[in-house]
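As structure tokens, here come the structures.
The same chain A turns up in both complexes below, where it pairs with chain B and then with chain C.
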Partner chain A sequence: MSMFRAKKLDLGCFVNARVIRDHTKRKVFAEHEAERQALRYIIRNMELPARTRAQAQLELSQMHCYTRSTQISNRCTEGGKGRGVLRDFKMTRFNFRLNALKGLIPGVKKGIW
Partner chain B sequence: MSVPRTRLLDLMKVQCRIFSHTFNPEGLRLGNKVLRQRLKGPVLAAYYPRKISTLKDLRKAYSGPDGFEIPNDDHDDWEENHKIIKARGKGAPKKKRTAEESKKFKGKKR
Partner chain C sequence: MTTQIIRSLRRVTATPIPTASLALTTQYTPTISPPFLCRRMSTSPFRTELPVVEAPPLTTEPSSPAYLNDVRLPRAVQAVYLRPLRREATYDVPACDLQLRSYSIRNLEFFSDFALRAAYYLNLPAYGPVPLPRILERWTVPKAHFIHKKSQENFERKTHRRLIQIKDGHPETVEIWLAFLQKHAYYGIGMKANVWNYEGLGLGATMEKRAMDMKGDLDQRWALLGLEKGKISAEEAIEAINRESSRAQFGGKTPRLPDTE
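Then we have the complex of A and B:
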């Protein structure tokens, strides 16, 4: 959402709308994580009165969807793609192959046997 | 020989105090597992590489008529190459300023 988006682009990788969106979601999640965890604690604590817990449930469910961790998905830093991304290298399988063959990724070597 | 429950509970209490756990012998759901979780926001937010300032940015910010002179090898190479091309008459044609000039070579050739 535009209200969360940074006014000035602070990304150094491949940029498209979806990458910016995902980056924004990550930042918003990091900002609201403590609040979400506090609400989750209240909800799970059986010692607290039922009313308080119900209120916390409502509050948590009414938080903006950008504050959820499930909204975040790993995207390729080289091409912005959302599928086939290798988590260790933050790249899609094809970009990983290209970079690995060029020798740009330390410690990666083509297997020959 | 069996140990009385109260004694065991006392031991557990001391253990919890020392290791800063919550003392909960009845096994009630206190939601402490939420508090025990680590915050993963900073790691997630650092997924994409942030913008780093380049030499180009530095030049843009500081070089000027009364600023610093920051050498630009690429531009110097281009300028030299451009001069050679111009001398050989292979440069880009001059920009047409008026409508008449631009019409000069247009239309069907018979």
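Then we have the complex of A and C:
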């Protein structure tokens, strides 16, 4: 969403639309995390009046979808791909292989056993 | 004449110690050297004193350049060629566990050696390096960027670990040691330290006293938790949520909750 997007590019890795989108979602989620947790706490607290809890529920469901953690997905820092990303290296399998063979990833070697 | 013979005999039997000639001339094949060789030669792992070797008789004039070849290196420099010296622990009370991790054994061995020497000069009894089990991670990825799942490639990363334990160390000295190691951190080596602190005797009494001192503060905190039913009412909770300070925690973005009717 354009209202959340940074006015100036604030990323140093490979950039395409999906990478920027994911990055924006991460920032928005981090910004609103405390608020979400507070509302979740109110909703689950049995000691609070029902009306308050219902209002908090409404409030939570009306928050923007970018504030949800489930919107975030890992993307490759080298090619922006969304599938087959190795969590350890933030890279897709193929980019990982290329870098590993070049010796750019510390400690990673061809496995021989 | 006799003394001359005895001296020469001693020179043969005693452990050879590098002299300045070793360091100065390049053609000379070193009789001692790399620490790995010496490791096998030394007998006791806990040797705290250097072997005392009598200086060879000076055959040259102090003014001549050959004189330099006969000068014995300072003890501290000699020690570099030998296994790291160690202090003995008297009480065997663990003070610090330092874990070193690296992908390369060579760097790891070098730095653990350095850490042991640093501990010796800080008067810390150090034990180790204990080789901990290495961590092996493996990844299998297809060779091709698209399909062809049948031809894959394996990659692995071995993390080697060493443990150095400090015993009987004063917490401050241990901290100095750790700071020194951090200052001279070697490339490609990660460090992790567990430090133990000990209380004096009569801990129960001091803890009791501390607890009593904090009781007033603690009661206030407990009162906020609302663990006990009936202590806090819904109105009080809403008031607490609406309070400016708590709203400020969330950036003042949450809506004010309406008071209960």
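The rule is simple: the second predicted complex is superposed on the first by the 113 of 113 C-alpha atoms of A that agree within 3 Å, B and C clash if a C-alpha of one lies under 4 Å from a C-alpha of the other, contacts with A are read in each partner's own complex, and residues count from 1 in each chain.
What we mean here is this: contacts are C-beta pairs under 8 Å (C-beta built on N, C-alpha and C of every residue); 3 or more make two chains touch, one makes a residue touch a chain.
Given the structure is predicted, the values throughout are model-derived calculations rather than measurements.
Using the contact criterion defined above for the overlaid structures, shared-chain residue A:Ile43 touches chain B, although it does not reach chain C.
Shared-chain residue A:Ser69: touches chain B; no touch with chain C. Of the two partner chains placed by the overlay, only chain B lies in contact with A:Lys90; chain C stays clear of it. In the superposition on chain A, A:Ala6 makes contact with neither chain B nor chain C. Of the two partner chains, chain C is the only one that A:Glu35 touches; chain B does not reach it.
By the touch criterion defined above, A:Gly107 lies against chain C but remains apart from chain B after alignment on the C-alpha atoms of chain A.
In the superposition on chain A, A:Ala54 makes contact with neither chain B nor chain C.
Chain A uses residues 34, 42, 45, 47 to touch chain B in one structure and chain C in the other.
Residues 32, 34-35, 38-39, 42, 45, 47-49, 51-52, 55-56, 59, 86, 88, 93-94, 96-97, 100, 106-113 of chain A are the ones touching chain C in the complex. Interface residues of chain A facing chain B in the complex, by the touch rule stated above, are 9-13, 19, 22-23, 26-27, 29-31, 33-34, 37, 40-47, 69, 72, 74, 77, 90. Across the interface of their complex, chain A is touched by residues 103-104, 137-145, 153-159, 188, 226, 229, 232, 234, 237-238, 241, 249-251, 253-255, 257-258, 260 of chain C. The touching residues of chain B, counted against chain A in their complex, run 28-31, 33-35, 37, 39-42, 44-45, 47-52.
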